[in-house]
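Scrolling down, you'll hit the structures one after another.
Here chain A shows up in two complexes: once beside chain B, once beside chain C.
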Partner chain A sequence: MKTLSTLTITPAGATLNGTLLAEAGITGLYRRFVGDYPKFFKMDHLCKLGLLGAELLLKDFTPEEKERGAVVIFNRSGSLDADRHYQSTLAADNYFPSPALFVYTLANIVTGEIAIRHKIYGETSFYIMDARDDTAMQCILDSTLLTSDPSFILTGWIEYAGEDDYIADMKIMIQE
Partner chain B sequence: MEELIEQLKAQIIEVLNLEDMTPADIDANAPLFGEGLGLDSIDVLELIVMLEKEYGIRLSNPAEGKAIFASVATIADYVSKNRKK
Partner chain C sequence: MDNTQIYKLSDNIISPLGMTAGDNLAAVLAGQSRLCLHHGLYDLPEDFCGSVLQREEVDGLFAAECGSGDYTFFERLCILSAARAIRQGGVDPTRRDVLFVLSSTKGNVACLADDPMDERCYIAGSAMRVAQFFGNPNEPIVASNACISGVCAQIAAVRQLLAGRYRTAVVTGCDTLSRFIISGFQSFKALSTSPCRPYDRDRTGLNLGEAAGTIILRTGGEADVDAGLWQFRACSIHNDANHISGPSRTGEGSYRVLRDILDRVPAGQLACVCTHGTATAYNDEMESIALHRAGLDTVPVCGLKGYYGHTLGAAGIVETIISMAALEQGVIPATRGYRAQGTTYALNLSDAVRRTDRLGFIKILSGFGGSNAGIAYVKGGRA
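On to the complex of A and B.
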């Protein structure tokens, strides 16, 4: 398996294959590189990061190649940021649970959002780990390649802990 | 009624995170679902919560929903007749 391209998104901006694309926040990157997917604004931060990463990494893939792709994402805190946001709508003195926030209180929604946007019909999975473990992550990716023979794997580590503390460290992997 | 319609447009933009839209972009008589704003089933749940939170309206009959949420104008008509606050 080899790495085709890499992307990192942090509060400092987005870097694609080692080249700084833009120094911008999440919404700034959306407006500059996507701009045509209003559903983006309804998403939680985890999904926004995943969607931005997919958008930048998959721009040269054909629809046929995307159909057979796989999406495998990892992180440590699951959907904790969305969980907290939803919890804030459950206050005893102001109890108006938000359905739109509730739908993002599940970490693997990010893989579904990416698959919907890009019409990816291969495996989608999300793994939560105590800490980033690149060896274990590679074992899972090897297994994905063996069991489903995707045209590529869009994978990475995505964490959101606040507007000054987030990372999407993503890459495209293909079979050698 | 015009004031209520404009207020509802602003509230819909806010609760549904329609960040690239302004009240002027929303036709009060255009369908909210399918064509028009293209809202989905989660959005309608969010609008139901908004009606309760902002106007004290609890929708007791789900069958009424389709007619109430047809457009901003139909929501405004329903709110004007049923609001508790």
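On to the complex of A and C.
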């Protein structure tokens, strides 16, 4: 497989193919590069990061190409940030579980949010690793092609640990 | 790769219905279930109907077969189930060509209640502890794709075997119930307070259940086909691109999964499609549309949630194993809880066990995130 383009989002901003696009936080990047998708504000941080990355990486793809695309995301913590948030609503003396929070306690929701935004009907997969291992991630991506034929794979490592500590390191790969 | 066959070597199910795949099949064919109403469990303010494991029983078996060690209940279940399948298959788990794959939606999430920073909540850590229990030297793969995880984990294993990277894959699926998980489904108003009724006119929602299942897959050649083993035939994963918590009204992702699989497995080989069949209004309706669009209206359908509830990360594995075990006996399990057509398109459902002489099936699942997955197995040689 070959890499078409790369994108990294950290608290320092967004970098596309090695060029700094913007020095802004998550909301700042949304306002600058998306702006018309109010659902964004309901999402957890994992989904926001994935959605921003997809927005910047998929802008040159046609609807036909996107329909046959795949989204494969990796991280260490799954949806733990959203899990902790939801857990805080379950105290005996302050019990108010809500579906709007609970739905984000599934790691793969980020792949679904990206698929919905871009009308991607191909494979969406989420894998959790004990530590980032680019070789193991590439093995999984390569083996994906053994039983499917996507027009591209939007992939990456997305981890949110706090407003000063997050990364979406994403790329678009295509078959050679 | 062309001559590589992937077949099922051995399996196990740990559930409230039994501690082996055989025990589970016997209970399913006898129409049994441990679904019942739980009052005050996990200190939940609302009752729920679920299928809950007896912890003392699991702990007793674990102590007898796996010894001691600082493992959570979730990890003990994974280890016990894998250990039983490994023993049955005669697998040496310390070999470098053995891969462990874990399917779980929430792992040790129950630990968050006592400590929001509890390190045990990292699911890959659990997968490592399970693999290391067996002395396995490889990094396990963890598939976490909500309700479809159990099929995704099998697919991840199949791909690694096809790539020739490993010879054997130990694929375990497990989730346990907790205040976290039950409260979430209750907040969605998705749970029925009585045993669920997949596809039935009067269905009122799903039940949740606990289980662990392990399926061990191995690469082989033509000789294994002749030996009459269950072979992997096809798989597919598609997104609905529609909604994160509701299925597509056109069954788009599920339909595309079925279409991909039918390209490789003729419908005439299928004894049945073992569906997701959660007994929510939307899921079952969606599946009826997808099956209709795929031209599978007449193929027998069976749903197993009436026996186990929805076992989340275990569902895809437990339900695959039950499908195999039933077809080996020449029968399709009854869809427990189903009585009368409750979907737009009529499906070939039955509340009775049916005979079949076919030895192929598709297992499909759909879930949150708009995800859909399917896998097909066919039994080689003579039954």
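Criterion: the second predicted complex is superposed on the first by the 176 of 176 C-alpha atoms of A that agree within 3 Å, B and C clash if a C-alpha of one lies under 4 Å from a C-alpha of the other, contacts with A are read in each partner's own complex, and residues count from 1 in each chain.
In this text, a residue touches a chain if its C-beta (ideal position, glycine included) is under 8 Å from a C-beta of that chain, and two chains touch if they have at least 3 such contacts.
Being a predicted model, the structure only gives us computed values, none of them experimental.
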Chain B versus chain C as contact partner of A:168, first or second or both or neither: neither
Dominant contact partner of chain A by residue count, chain C or chain B: C
Partner chain in contact with A:26 - chain B first, chain C second, else both or neither: neither
Partner chain(s) touched by A:73 [first = chain B, second = chain C, both, neither]: neither
First (chain B), second (chain C), both or neither touched by A:46: neither
Partner chain(s) touched by A:90 [first = chain B, second = chain C, both, neither]: second
First, second, both or neither for A:38, with chain B first and chain C second: first
Which superposed partner A:133 touches (first chain B, second chain C, both, neither): second
First (chain B), second (chain C), both or neither touched by A:105: second
Contacts of A:116 with chain B and chain C, given as first, second, both or neither: second
Chain A residues contacted in one complex by chain B, in the other by chain C: 97-99, 103
In the complex, chain C residues that touch chain A: 1, 43, 45, 105-107, 109, 112-113, 116, 121-125, 127-128, 139, 141-146, 152, 155-156, 158-160, 162-163, 165, 179-180, 183-188, 234-245, 252-253, 256, 368-371
Residue ranges of chain B in contact with chain A within the complex: 15-20, 42-43, 45-46, 49, 52-53
Interface residues, chain A side, partner chain C - complex: 71, 76-78, 80, 83-84, 86-88, 90, 92, 95, 97-99, 102-103, 105-109, 111-113, 115-116, 118-130, 133, 136, 139-140, 142-144, 146-148
Residues of chain A defined as touching chain B within the complex: 38, 41-42, 96-100, 103
